[in-house]
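Next, two complexes with chain A in common: one pairs it with chain B, the other with chain C.
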Partner chain A sequence: MKEKRFYRIRRFFSGTPALGWLLGAFGAVLLESLVGDPFSEILGLPKIPVLFGVVIMLKKPALIPGAFAYVLLIYAIPVILFTRITAKGMNWMADKLDKMPLWFSAALHLLVLYFTLDLWAQVSDYRLLLIKLMLIAIMLTLSLNVINGYMGEFSCSHPGFMALGAYVASVFTVGLFMNDRLFGHALLPAGIGQFLFPIGLILAGAIASIGALVVAIPSFRTRGDYLAIISLAFMFIVKSLIENLEVVGGPRGLSGQPDWATLPTVFIWAILCVWTINNFVESTMGKALNAVRDEESAADAMTVNTRKTKMIAFMFGAFWAGIAGGLLAHVLRYINPGTFGLQKLAEVLAMVYFGGLNSVIGSIVGAVGFNLLSEMLRPLEIFKWIIIPVLLILVMIFRPTGLIAFKHFDIREILKPKLKMKERV
Partner chain B sequence: MTFTFFFQNVVNALQWGSFYALIALGYAMVYSILMLFNFAHGDIFMVGSYIGFGVATGLLYLVTSGFIPLPHWLVLVLTIVISMFLTSFVGVIVERIGYRPLRNAPRASAAITGLMIGIILETGNLALLGARRLNFPSLIMSRTYEIGGVFVTNKKILVVLVSIGLMLALDQFVRKTKWGMAMRAMSYDFVVVPLMGVSIDVIAPLTFAIGSGLAAAGGVLYGIAYPILDPYMGILIGWKAFVAAILGGRGSIMGAALAGFLLGFIEIFVAMIFPSTLRDLIAFSIVLAILTFRPYGFFGKPYSAKLRL
Partner chain C sequence: MPLLQVKNMTHFFSGLRAVHNYNLVIEPGEIHGLIGPNGAGKTTIFNLITGVYTPTEGEIYLEGESIVGMQPHEIASRGLGRTFQNMKLWRHMTVLEHVMMAHYSKLTYGLVGAFFGTAKRYREEAEIEKHSMELLDLLGVAQFADQNVLNLPYGVQRKVEMARALAVQPKILFLDEPTVGMTPEELVGMMEVFRTIHREFGPAIFLIEHRMKVVMELCEQIQTLNFGEVIAEGTPEEIQRNPKVIEAYLGKEEVE
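Now for the complex of A and B:
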């Protein structure tokens, strides 16, 4: 029986609710921040391994036992012990939370998650940057999944939307609040800029979604390959347009964005993005998207307004892509038109199809997995770009729609207390 | 704008369009059979160019060291033919590992595999040969003729003539031979035709092989015209040829060739009239406008909305 394959392993881990895992992870990260430094010294490591020791293992094979022991003693064993020991208490707490309003319980879990990430990121700036980029990647992947997964088009215009968002947000912050050689003196004091930053981001998303109309309107008459070309042409046009706009730096790019995309900001935007997109795809409109994907004429016959549906989906996806672009510009603090080219397109597409179509959780897994993989394999240099494509090809061959496709993302289901798996007869 | 200036640009556009047309043919052929775009095709063009580099260097070495005395024109012909032959195997391998396992999968998955194979080809090239750029050996002496004030190099004539010749040969192959008939039948219906004893496992690799061979010819000619090779040279030209293939009408072979030339003309003439930095902007705006008003390309037929999505 297939179900029995990993039965023992699954049973071993099954009794702990999400709260237990989160608190366990928090405990492990706390342990690392307390004793990580002396501990890595004892094990002969130069510093705390930033990415679970994988980078160090690939760089210096002599340190493999040390890094392995570190990961085992700091992360694996404490987390497993903690979750096993407290499983009962955690289930009791999860049960209590389950009876409270959902927003409260979700907020509590997110708070624990945030503190875990924050503490984990305090060890090095590299981790901080990685987490920010990962959260932005989640937003991008989700917003592309709305178009490519839920609506079933093959849109290649995402880098274009990102570029629009990134430039609008950058012009907003740099132009209004910074002394810059391109835009002259600051018009407003930088102190209030931090609070107006969300407005800049929303503006970025709005401009990106207006740009999406260029792709959405031709999509009324055609789809599939022709739409792929139209969106590709849109991407080239945006890139070329920015290259020719000397006002925003042309091909040299735009720099000097203020450091306002801090971890809490990016985290809140990412959560907002996941929340709204999940609500969107679970709504009637989301079902209409699926209907348009599966059979457009049938959807039309069932009173789905296909034009409105397509337009909203494109604009909605582009909105979040624009915001993600704006955040990316403020995380990197330098953008140029080359950032938003064919390479970005391949990356975003890979994340969507790796994680899984038509699934919010798949997008999250895809974005996080792809980013982690790509950072962990960095010491392999160019061979990284052979291993990752091979992995993706294997995923495509064995699971053509991605790792976790066509799954509902039900927050209540995830947070509820877990009972131990019973022996099945 | 004088007349000679105009014709000078016509010559340039013909040469530039030849590359697009040769690559777009490969996209269109694969599409007509499998209804899939081979996104690794731009990189197959790159591989073809590198194979051409290897073959040309080897042959020139043999000639100069006096092993086999060959006239110069024969070296050129042999380089093109051998590179086409060798690169067609690359196409067959790509089909075997990237497309055959995914024949019944959603089409977008195959597109992703194609993209990833493209990245593997680029990186593999980078790993094998390093990041330095290679100089394509000069196979023919550059000569410039002046015809009524228009300067034409013999390389340009060669590029245009060879690519038009290859296109005519392909046309004859598809229309006159038995294999060509099988390919046409397969593009008509790939579900029923295999029941008639024409195996798709033979026709699909054949299509990939021919498409890759044409791309390799394009690569060698590109190397002759612009003798600097780097591993990423296939990306942009490949995507643009993909645009041309769609513009011609998907699956239409002659449409792809004509649209390739058209794209070349658009790009060269935009660069002639406007500053050259605006080239992509205006060229793609024209493409966008064409597709908005004629969504099925020039020679494509309006299919039903759903194919194999």
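Now for the complex of A and C:
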């Protein structure tokens, strides 16, 4: 009986390709931007619920019916209606796209995704910040997954790499293009700074990956707990180094970063990160990480250069962590060494292990899920830090390697047209 | 010039002498056996030649070039393939991925190809995939290509490991007890695999084995090892008759 019910639900949703869902979501967001304000007024809500009404529901239980009705009428029903009605057309379109080059199809989907996010974020600055932080979290989680998941080393140095990236990028932009108390007058006009920002970020990533050598070289001989301690030590070294460097503000931190980490910038970098990491882990060179993790001596005997493989993994992971750190600095526009401490480490590790080891899609789900959850449960205050850890424990008990572990991220498979289950049988 | 030559190799494990004054000459295409009781140092000799350990003393030449002190992967890519006593398969990888991985040293697309997916990368990956499938086909395990190795029967896992070692395109193949724990039927299949490999690729084979049937049937030259020293060397018939070998395996005959 129960299975039958599940089957029905699954059949109900399975007929729509990714394109349909994306356009449906775009439609819902468009609807919100058009009628969201008057609509929430009718339902007695103070303003448009920013996070699917969850925050409002938890804050003021009296508004639960209103918030619920809002989510139902603005998001749920339009999306379901849209996807049901257009399923056939969408499948036809997905089929057409499936025959075109993959990059074109992927770019089109990403464009729809971007406009959906952009429109959604226009409602409030809070949403904009949330999306940016979420995209940065995806980059961080994925880059840590390369080291902890794909290569199976327990590295704790990620906040250290982020800190390196954040400070390098900040010094680059603040020092060159801004009038600042610490660095004096701008050396170059701020107008061209926006275009040179990517160079600053790449520089940030490069410095972070040079820093990664400090952890990568000991990893030739040590594994497991010992390497975890070495990497933890690296994180603390970076933190106290920055705390004692008065040039970059010491423990007071560094502020005044220009607002260059706009949504399109962060979005493009996140896509680049997912794309290159997925490319890498799907190649035989990238799979060498798995071979090193599962049986290092066998990898060595099968001509795999294990030292090079470890160096690549650490430096590549650190590169993206550095870029993510640089973006974070320009999203928050203020950083201090305390940002990159144990708290950050716990957060990134939780996202990796929650989402799933050895899986690109798992990392995306982990980062998005963890961030949404932690924002939605914010009104619960102290109880939030009971619920989230309990959830993590449950995930670890029932799915020890994470929600979606050891899965290939096959873009074509995700975007392809979906037949109804009935037709498939 | 011999394919592989080991001269006066001695190795100590912090004071314990594991191998003493070991010499070996293998010509191209030759099948050479290494037997001896448990703990005699057979696997240590394998690990010394393949570069896992660096010998305390002695010289090793592969095709006339000294390989002492090289990393295992450097030695392997010069044409030394090996299998392991306990197989050492990669638990999260499929059969095809195993064999493709052993082509690592032949990949030339580099990091740019790996990160950005260049045309060269897809061409090379397709090439090694084709070659891997041919190897799997030859050993009769091609139908398992997309399966995870851990789900397969023991005999198939052994063949996968063999295909992986062959993907290195070895001039000499080191086999460490390749038939251990096999049923009689699997053993017959494995012997057939050895013959196929030798016929198709003609590598020299250096074999550690406990089953006398296998050793006596395949090997042209046999060394017997005891406490890290070679106590007898010769053709299978000579070894079988050698009193020292009998003593090492069965103990000394009591003289009344």
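The rule we apply is simple: the second predicted complex is superposed on the first by the 417 of 425 C-alpha atoms of A that agree within 3 Å, B and C clash if a C-alpha of one lies under 4 Å from a C-alpha of the other, contacts with A are read in each partner's own complex, and residues count from 1 in each chain.
The definition used in the following text is that a residue touches a chain if its C-beta (ideal position, glycine included) is under 8 Å from a C-beta of that chain, and two chains touch if they have at least 3 such contacts.
These figures come from a predicted structure and were not determined experimentally.
The superposition on chain A brings chain B alongside chain C with room for both.
When the shared chain is aligned, chain B comes close enough to touch A:I397, but chain C does not. Once chain A of one complex is fitted onto chain A of the other, the partner contacts of A:L201 are absent, as it touches neither chain B nor chain C.
Touched residues of chain A were counted for both chain B and chain C, and B has more of them.
Of the two partner chains placed by superposition, only chain C is touched by A:N358; chain B is not.
Looking at the shared chain after the overlay, A:A212 reaches neither chain B nor chain C. Once the two complexes are laid over each other on the shared chain, residue contacts for A:M285 go to chain C alone; chain B is not touched.
The vertex angle at chain A, taken between the C-alpha centres of chain B and chain C once both structures are aligned on chain A, is 70 degrees to the nearest 10. Once the two complexes are overlaid on the shared chain, A:A350 sits against chain B while remaining clear of chain C. Contacts of A:E295 after superposition on the shared chain: both chain B and chain C are touched. Think of it this way: put the two complexes on top of each other by chain A, and the tightest Cα contact between chain B and chain C is 11 Å. In the superposition on chain A, the residues of chain A touched by chain B in one structure and by chain C in the other are 293, 295, 297. Within the complex formed with chain A, the chain B residues making contact are 31, 37, 97-98, 101-102, 105-113, 115-117, 119-120, 122-124, 126-127, 235-236, 239, 242-243, 246-247, 250, 277-281, 284-285, 287-288, 291-292, 295-297, 305-307, 309. Taken together, the chain C residues at the contact with chain A in this complex read 50, 52, 71-73, 76-77, 82, 84, 88-93, 97, 100-107, 109, 111, 113-117, 121, 125, 128, 164-165, 167-168.
Remark: chain A residues 148, 152, 154, 214, 217-218, 221-226, 228-230, 232-234, 236-237, 239-241, 243-244, 293, 295-297, 342, 346, 349-350, 353, 357, 382-383, 385-386, 389-390, 392-393, 396-397, 400-401 touch chain B in the complex. Those residues of chain A whose C-beta lies close enough to touch chain C in the complex are 276, 279-280, 283-288, 290-291, 293-295, 297-307, 312, 316, 358, 406.
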